[in-house]
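A, B, C and D are the chain letters, set down in written order, and residue numbers restart from 1 in every chain.
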Amino acid sequence: MEKEEDDDASQAGVNKASKGGIIYGDYLQLDKIVSAQVLQSEVKGNKIHDEHLFIVTHQAYELWFKQILFELDSVRHIFISGHVRDERNMLKVNTRIHRIVMIFRLLVDQFAVLETMTALDFFDFREYLSPASGFQSLQFRLLENKIGVPDNLRVPYNRRHYRDNFKGSDSEMLLATEQEPTLLKLVEEWLERTPGLEVDGFNFWERLQINIFDGLNQEKEKIEKMPDSEDKEELMAELVKQRETFTSLFDEKRHDHLMSKGERRLSYKALQGALMIYFYREEPRFQVPFQLLTSLMDIDTLMTKWRYNHVCMVHRMIGSKAGTGGSSGYHYLRSTVSDRYKVFVDLFNLATFLVPRHWVPKLNPNVHTFPYMAECCDSSYCSSEDSD
Amino acid sequence: MEKEEDDDASQAGVNKASKGGIIYGDYLQLDKIVSAQVLQSEVKGNKIHDEHLFIVTHQAYELWFKQILFELDSVRHIFISGHVRDERNMLKVNTRIHRIVMIFRLLVDQFAVLETMTALDFFDFREYLSPASGFQSLQFRLLENKIGVPDNLRVPYNRRHYRDNFKGSDSEMLLATEQEPTLLKLVEEWLERTPGLEVDGFNFWERLQINIFDGLNQEKEKIEKMPDSEDKEELMAELVKQRETFTSLFDEKRHDHLMSKGERRLSYKALQGALMIYFYREEPRFQVPFQLLTSLMDIDTLMTKWRYNHVCMVHRMIGSKAGTGGSSGYHYLRSTVSDRYKVFVDLFNLATFLVPRHWVPKLNPNVHTFPYMAECCDSSYCSSEDSD
Amino acid sequence: MEKEEDDDASQAGVNKASKGGIIYGDYLQLDKIVSAQVLQSEVKGNKIHDEHLFIVTHQAYELWFKQILFELDSVRHIFISGHVRDERNMLKVNTRIHRIVMIFRLLVDQFAVLETMTALDFFDFREYLSPASGFQSLQFRLLENKIGVPDNLRVPYNRRHYRDNFKGSDSEMLLATEQEPTLLKLVEEWLERTPGLEVDGFNFWERLQINIFDGLNQEKEKIEKMPDSEDKEELMAELVKQRETFTSLFDEKRHDHLMSKGERRLSYKALQGALMIYFYREEPRFQVPFQLLTSLMDIDTLMTKWRYNHVCMVHRMIGSKAGTGGSSGYHYLRSTVSDRYKVFVDLFNLATFLVPRHWVPKLNPNVHTFPYMAECCDSSYCSSEDSD
Amino acid sequence: MEKEEDDDASQAGVNKASKGGIIYGDYLQLDKIVSAQVLQSEVKGNKIHDEHLFIVTHQAYELWFKQILFELDSVRHIFISGHVRDERNMLKVNTRIHRIVMIFRLLVDQFAVLETMTALDFFDFREYLSPASGFQSLQFRLLENKIGVPDNLRVPYNRRHYRDNFKGSDSEMLLATEQEPTLLKLVEEWLERTPGLEVDGFNFWERLQINIFDGLNQEKEKIEKMPDSEDKEELMAELVKQRETFTSLFDEKRHDHLMSKGERRLSYKALQGALMIYFYREEPRFQVPFQLLTSLMDIDTLMTKWRYNHVCMVHRMIGSKAGTGGSSGYHYLRSTVSDRYKVFVDLFNLATFLVPRHWVPKLNPNVHTFPYMAECCDSSYCSSEDSD
């Protein structure tokens, strides 16, 4: 038998539990947690083993949804209260959003456990569940609302507004979250204040527009000088397309039109802020904001992967049968794996508008000091958010 | 906006929830689950944000421990009741053991979420937890006992027997699980009945012994014929070592001695059964048993990885400070990452005794039909285990 | 410093490498492997750091694709050669298919590494890649073909047949794999031979049909006896739907029609075999076949998750721009995340046809011995597949 | 069959590959990558299927090691060249170190694939590999050296210095990396320059010392006022212990002594910088440095988990037999899972020295502006690191 290392060190402690005070099981309220598994199949006299897994898995999901809501609310509070203006609070915002990312990563993996249940195992107790349905997860709907899934882009559920499928008090809670500032809205306001956008300051947007069209014109001249050929024609055609793309970027009316259709979600000003952060992400002041934008895309991506994994599991469990709640099951879920449900879709689409580095307006550190200086405030208004 | 596929199909359902019956939140008893997060820091007037994550993570662990115990008990029941003799029940045994593997895989990954909390965040609320400690997780100790971690190989906890750190009723429950048949014990009994071991039948063990020593003798002759050289000497030295290894394998007294020291855990007969399954794993009757042995090693491996990940996290959180329960913290946990806690350590060590395929005693399908014929029984004693 | 355990044991070895023979680097041909990273950006005088990650990630994908092809070919060989008739070979089939599952699981996770590259990093070297494109991965297309993605259900690539996008020899290799027996085809043939389907034997299909319609009739009688109510009407409506579903199951013509449209892929007989395995999965002889069917669904699910993760990454990298190979990029990839590409879609859809356990035709162990007796053969035709 | 979304959009591309230029397979040099799998068992006339997996897995590890070395070298270059003084480069440093973390996370998971090979499969070809051994992975040893595993803390390999197990040119390359500045050394120098440490400035260390001992004295007074009791005694004993802990923290001689024994690795000044970053991590200027310290601990943790997973796999594969390279196998590897190999062990141990927030010296934003102002430089010396 191998010799155990450091036996003495491992036994150097002093027992404290015997002195009274809270112990593990009470602290975690395990009496509630591990007594909450009541199998409907057992209640109905036909205990089916796998229902236990089904319950525990969903409870684990709900526990983590609670944690996500907790983080989300704390981040929203930092934004709403104005504490975000004190840039000391950006670490908290970033860390908590990143934590949500890590939780979603776990939740995507968690399907692997439920997938140890086969369609036949599920069939044995499925009838006892009706009309309960995952759609009824209040926390998941709240979470979607608080992040910013808009009410009017949701796929209806059996031709009814999603909220009408919840009972009174829950429905009200859902309505309330639709009316509160969403994470999307709060990020939008924050992006609109991105330093460097000021028209009387660095004036990023105008400079960028000038540089881009100068760049395109130079490209055009270069192409025109080429001898005629199929290649030349193609390059020119591509340039025309590119010019259209960038013309659309600087067309505020078109932006507003796209917003009205739900194809863009951030205001024109916020979009400018996001692009500014993209291009200047290495500036000290923009490093953490850039990470934040990346994490927001991570959340969208992981939520959509979660939905897709859910769809795959349901396909395997019930084939093309209706869901326990009466929905069309697989088809309903399939329709929610869509860019409609991507809240920060604009941050993805900005990739369409990247330009070569030498087209990006240059900062002069002697003139433009804002990228090196963080905003701090010690006023009561925007102090460090110590007591959340 | 992309066109959504199949709008009609997605709306083809009928709403059922409005008709009454159990709904999602009630089914899962979410009132208990999501109301069980009481922050001690908040109770003591200094709410610390990250305590919420700490609580939820531990609750998620406990939920999954409950599931593991549920699967474990059902498998033990199949063995204890004798249902395992009806080989129809092997699929259940295998599937449930595999499910435990998948859960442990998730639990190992789950540390990534808690690791988003830094040492400084933990420090802020750590004092409020004392004397609660992860060591006090009753379910984890039960789980260890039911799998078969032996009482006398456990590292003491602050120089006290592990069980003395639990209060009366819990301590009794722990004692009970020490006295019940463990998974290890049940697997041992099952392995002892491996078909092919019968001395008046195929007599695997004797045949194997003959083949191995015949094989070694032939090797020896081959080496002796080589001209003298350093290589020859080395080959001969290695052969001597090999012979010693195999001599020890067939030495029952030595086996019993190793068992008394805790270095082997399976009976001599069970070890023979395990090796038989290893060598004949492709025979139809041994395919599923072989998978089972593999999954049992998976459980051991994942539990030890879980312990090690735990150690790594604790090192980061508290450095070399004492644990909240008063243990030596890092050092105590480090000492539990040990082969002492590997229950199925024999199955790993059998890799030491593998031999070339042509040394394995040949089965003759015309004579030895047992590998093609499963045992079924329809008697009341060992019928299909329908109602677990 | 902690005391290291077992210093002596750790140093008990004898050095062998100095004696000559192959060493690690040569064995793995690392001269090839780690010298194959040539950055196009560097070649073109503008070295971009992140291109290295881009190359290595894709090379890792291709390495694993090679491994998957290797496993796939070996499994196909076991089926094609008839070795599968010796049920000893089922462990190999199962283990190798499961290995493919584990590799795909890794490949899905592997995106997390490439996602550390941002859209801006990619933009910096993207122009140098054209017209190279992931679509051109020969191994991935071979893999799809060998599993059984049918040529006529593939989404065209820029309005051209997928094969026309490959150069001569590659195109021929692709054509060849379309003409060889696919995994789907081989599994189909194997399912058609499922014991128990014989009309002059257990005659599963006829017994099942009788039981199902008997069951439905009894349901109907029960409902008819209920007093008139909305509930009664609904139950009756549901029963009618159920009857339609099952009528369709036993309608061979309808099956052939669905096959011609690509909505079913397995022959009518094979579908019967699959359902037989589903219902009798606990019988000793069907345990491993059932696992195989489950793993085949895992492959489909993981491939579709791989595609979806790919889509998500591309959306983030290039927004809605065209791919480097000239495709529509995001939209092309999005269209391949579809049930069209699910090869074993029938195995999922069978979940639609599950029935209560007491409707499943009973086996009598005294009469029906086939579920307990594996087929072995020692003839040259179907011997154990030792030398693959 | 479901209707595919957006068929038109998916076909909107233009084919480019036909126009010439580099294509996928050539770009990735797949001729090298996928032709490098030569099975020694096949060469020796006894092809064993699973050797292919063994080769591919190790090649995938080596590919990723190459990527890690590439990132590591680029980060070391930023430090060595002084570019790190321009804080714009911190995003690059951070992103690349984080990428290494993500790669290691994948590598830890990657064992799950190799674990689909059983001990028996491995036994069949193991003899052909000797004397090749994973120990001989040059890239892994380079990686350890470049991060900062010190030569004198390495476990010997069969009683020989690790470097003596490599052939001439490789041994020289290893020696060179021992003599170059390691990541540890570079981070140390950077930490020593942490703003706020200046004795004539904020003078963090002195202020901290004063605050801590003031705090401890106040605690002491509070305890002394308590009526005599067992509790009082215990509290006093704990206070004495705490005072000792902190006295040791401010004792430079003791620090030097611990360094000489290898129990500390960072200079006294660097340790101060690290603790400063810990305590003021929310200050804008310290947010990214704090993330960096966290990622460095992640690397250590993941490398140690990698080692441990390796140990577990080897235990399963060969039991307690010697390694193919002649080492003691399991026991050798077990001895490397040790804090000796944790390069940034000081960052973990700092958790021992955390103090309540109100003991941390207060910053006054009106006086201490350094936490809000990043250093930029446009001189040739420390400009933005564009061309790495």
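Structural remarks
As a working rule, contacts are C-beta pairs under 8 Å (C-beta built on N, C-alpha and C of every residue); 3 or more make two chains touch, one makes a residue touch a chain.
None of these values were measured; they are calculated from a predicted model.
Farthest chain from subunit B (centres taken as the mean of C-alpha atoms): A. Contact tally for A-D versus C-D: the pair with more C-beta pairs in contact is C-D. Rounded to whole angstrom, the centroid-to-centroid distance between subunit B and subunit D, based on C-alpha atoms, equals 30 Å.
Subunit C and subunit D have Cα centroids lying 37 Å from one another. Between subunit A and subunit D the centroid-to-centroid distance comes to 29 Å (mean Cα coordinates, whole Å).
Of all residues in subunit B, those that touch two or more other chains are 2, 4-6, 9, 281, 331, 334. Listed in rising order, the residues of subunit C touching subunit A in the complex are 2-6, 9, 118-120, 123-124, 278-279, 281, 294, 297-298, 301, 304-305, 308-309, 312, 315-321, 337, 348-354, 357. Listed in rising order, the residues of subunit D touching subunit C in the complex are 1-2, 4-7, 9-17, 19, 21-30, 32-38, 40, 47, 49, 52-53, 55-56, 58-60, 62-64, 66-67, 70, 74, 95, 98-99, 102-103, 105-106, 109-110, 112-113, 116, 129-139, 155-160, 165, 167, 261-263, 322-329, 331-332, 334-335, 338-340, 387-388.
Of all residues in subunit C, only 2, 87-92, 94, 281-285, 287-288, 290, 331, 334, 365-366, 371-376, 378, 384 touch subunit B in the complex they form.
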